[in-house]
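In what comes next, chain A is part of two complexes: it sits with chain B in the first one and with chain C in the second one.
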Partner chain A sequence: MNAIEIRNLNFSYTSDKKILKNLSLDIKRGSFVSLLGNNGSGKTTLTKLLVGLLSPDSGEISVEGVLLEKKTINEIRKNVVIVFQNPDNQFIGATVEDDIAFGLENRQIPRDEMLKIVSKYASLVDMSDFINREPSSLSGGQKQRVAIAGALALSPKILILDESTAMLDPKGKSEIISLIQDLRKNMPELTIISITHDMEEAALSDRILYLKNGEIVADDSPDNLFLNEKFVEENHIKLPFIYLLKKELNKQLLSSSGNTIEEVIKNVFKN
Partner chain B sequence: MNNITFGRYTTENTVVHKLDPRNKIVLMILLMITIFLPFQVWSTTLILTGLVLAFLIVVMFLSKVNFLDLFRSIKGMWFLILFLMVIYFFIPDKSYTLPIPGTPFYYDAFYRCGYIVLRLIMLLSITTILTTTTKPMDLTYGLEFYMSPLKVIHFPSHEIAMTLSIALRFIPTLLDETNRIIKAQSSRGVDFEHGGIFKKFKAIISLIIPLFVSAIERSEELSNAMEVRGYNPKSKRSRYRMLKFHWCDLFAFLIVGAIFGGILTLSIYDQNIIQINIIYAIFGKMPLF
Partner chain C sequence: MSLRTNSLFFSYTPKNKDKIYAIRDINIDIPLDKTTAIVGKTGSGKSTLIQTFNALLLPTEGSVEVANFVVTNNRRKNKANKDLRKYIGIVFQFPEYQLFEETVLTDVKFGPKNFGDSDEVATKKAKVALSMLGIDESYYERSPFELSGGERRKVALAGILAIDPDIIIFDEPTAGLDNKSVDELLDIFTNLRKIGKTIIVVTHDMNLVYDFCENVVVLENGQVVYQGSPKSLFSCNSQLFSLNLPNIVKIIYEISKYNSNISNSNIKTLEEAIQFIKEVKK
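Up next, the complex of A and B:
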């Protein structure tokens, strides 16, 4: 079953430049998809279309089997949440707990339940000790974790991370990446779409979509994409360390399967 | 820019911090009215105001208000004091005080000026107590509570409270931004500290425009984030924060109510039946002047 189905999607802000050109795409439920592409390639626009923050010029979008229309926007927003890039601009509540509760308040969830949900998701993102803190006393990574908790508290089926690690320092970035990996283990039904410029992050996903001038120019697994030398060169992709390693191993005609450095090394020594 | 600490919420755990914000708002208003109740005899006014001041000082100790900050902000009032002094020296009320010997001025100026400054200091103390012991967000919840009856006439009390709370939430963020822009513009050669009013004004423009642009961009992103999480100002929301009325709220209400009620009664008595002169009552004779 597909979480997202997009058919012949067209979008433009002004009449002279098309942002998305006849885009069609299926995303499987429970998969972790990375959306790559240069600035201005239409990645963020695509996510905004998915939740109805923008409406397409033509084409169809269905999310979890529901066709996106004016009438169904609220229903679709129950299934899709977005974590944006700037941690400051999406922190709505006065404190961590208020912020996690914000979306729950909008859904009119009774207070007793809210208390349980807030503490559950605060501990999921490891922010239980900071529940009374104000945003100005938190680091960027912490704020972003709160944003993820606030998004997950709404029990969505699709989580979109729109360059959520772009403004974070390396520590914050690795915190978020390990959180995503935990989510994949604990919530296998959750579809994660991550927009990123970070290749290390993209290497962890099941599938990479490469967007260029509003079109998908590549749609493949990280293995196939990053080991495709022509593609990597054409798009000036800086290979993640693990693929540099795999490339070298392949040159030495050694097997290099596996997603983590440990796995790759284990497989090398097996042979 | 970072020294705007005066009146900011402090994370303490005092009795005053624990009071219900709705209660604190009412108590604040009662105390403010008390300060401005009139009496015919000036010594009576001074004694009763002094009593309220003593009460306020006790409360400030209880709520661990930073007195240094308070004094600093009082220091800023010197111009007002000077201004009042000049006015009262030249337009004295000759009815109840004696002239200062050898001058055409009256003692009245000192009394009236001192009294107004005292009142201002007390107003400042009251609001300081409120803002240092109440989270801004709780204050907006309190205000929303009092505005909610106005919903009947379609007054957007919830929207106003939400706007206020977001504004409060973004003050530190925008202050950071301001500092960043000041540094960025200074490094490009804009001088914010020297020069006349016109030059400074020009410098400030180079601060305000980028600040506005970024604030508007932020608001756009914020509204997206709110919308994605299902916010709709017109639909109903449940509440995460609950305001609770504790026994200490009742206690505080009784104390402040007694002060307010007592002084109000005295004032009405004083204005309508017989003028009250506490010094006369205690010492059995009229004061000097």
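Up next, the complex of A and C:
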């Protein structure tokens, strides 16, 4: 079953430039997909189309089996939640607590239950101490944590992370990534689309889509994509370190097997 | 020449009786002939600290001294703020805080004009800065708010470069830039250093710190816990501060398990590390 089906999607903001060209794409339910592409390639635009914040020039989008139209927008927005690039754009509440609660209020959840959900997600992202703070007064990384909590609290079927960890410190980044891995274990139907420029992060996904000139020019597993030297070079992709290490060892005709830096170096000295 | 802070404290709520300090008792000396990184966990006070450097935030206590500027909480003494902001430019963590004009070109022109350039000169400087960031003419008349995230950061970067400050502070400049644009920005940094500019960069990227910076300040809970060279930071202390290790340091550590000579070598790149392995295995 597909979480998302896109057929012949065309979109442009202005008549002189097509952003998406006849794009067709299926995303399997429960998969973890990275959407990559250079600045301005149309990644954020595509996510806005998915929730009806923009409407296509032509083409069709279905989400969880429902065709996106005016009358289904609200239903679709319940299923798909986006954490936007700049968290300030999505803060509405006067406090962190209100903000995480905001989306839940629309869903007619009783207040005491709501507060429980809020405190659960605030603590999952390690922001419990900040619950009464004004979101605008948080540091960059704190804002991103709150934005992620707000999205998770809505228990979406499809979670779209638009560079949502770009401002986190390395430890915070891996915490959020393992949080997401845990969520997926508990909710095998949860679909995740992660937009990122961080190839280390992309390497963790099931599938990579690469957007360029309005088209998906690569659709592959991280392994296949990062081992495709021609593609990597043409698109100036910065390899995840483990791939770079193996590639350089290979060039020098040294052994290059293993899944971690530790293993690879061990094997070099053993063989 | 250096930028110094003297017992610098800053609180966002200085009037509260149980005021919390975002940064506390900071005493650092940032040499202007070196590239300095400011690192530390989310919320450790990095963005707060750098904003005191050009008086966007005034110290609650203590002072910042650089060239012949002194920043204190005494507004009257800070008359030279405009000159200070020509001397020290900051590219904000979120470009949205910096962009406000109707078009990309007028936005980037704003800085130079504000510091006294004619429209013609400012336009020229703006165009040069934008082209350094790979933003071509087709963007000039567009609204900065109708750009992609990465494009917006490039315009914000150009806005500060166009002012041509002596010291430029970048707050997480690579966030949101694609891989190629990051490399292009590093080339810009290299050129800025060549012409004698001072770069201070706030970042979570330890590879950038190790490969590019000569000096690093680590903040934790608003206090400085380390100040010195990246090399000695990562050789002993970084675990203490829960920082990630740069890739090259990880490799050297792994190799040292099999041949401890590498620890005393001066290896700085992956290629050199692999050459070392080859020699050892011969």
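Quick note on the criterion: the second predicted complex is superposed on the first by the 222 of 271 C-alpha atoms of A that agree within 3 Å, B and C clash if a C-alpha of one lies under 4 Å from a C-alpha of the other, contacts with A are read in each partner's own complex, and residues count from 1 in each chain.
Heads up, the rule we're going with is that a contact is a pair of C-beta atoms (placed from the backbone, for glycine too) under 8 Å apart; a residue touches a chain by one contact, two chains touch by 3 or more.
Quantities reported herein were computed from a predicted structural model and do not represent experimental measurements.
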item: First, second, both or neither for A:Leu190, with chain B first and chain C second; value: neither
item: Chain B versus chain C as contact partner of A:Val118, first or second or both or neither; value: first
item: Touching partner for A:Ile208 - first (chain B), second (chain C), both, neither; value: neither
item: Touched partner set for A:Asn86, first chain B, second chain C, both or neither; value: both
item: Contacts of A:Pro110 with chain B and chain C, given as first, second, both or neither; value: first
item: First (chain B), second (chain C), both or neither touched by A:Leu249; value: second
item: Partner chain in contact with A:His236 - chain B first, chain C second, else both or neither; value: second
item: Contact residues of chain A, present in both the chain B and the chain C interface; value: 86, 88
item: In the complex, chain A residues that touch chain C; value: 13, 37-41, 43-44, 85-86, 88, 137-142, 145, 162-163, 166-173, 197, 199, 236-238, 241, 244-245, 248-249, 252, 254, 261-262, 265-266, 268-269
item: For the chain C and chain A complex, residues of the former touching the latter; value: 12, 40-43, 47, 93-94, 96, 146-151, 154, 172, 175-183, 204, 206, 242-244, 247, 250-251, 254-255, 257-259, 270-271, 274, 277-278, 281
item: Residue ranges of chain A in contact with chain B within the complex; value: 48, 51, 53, 74, 77-78, 80-82, 84, 86, 88-95, 97-98, 101-111, 114-115, 118, 134-136, 150-151, 154
item: List of chain B residues in touch with chain A within their complex; value: 135-137, 165-166, 168-169, 172-173, 176, 218, 221-222, 224-232, 235-242
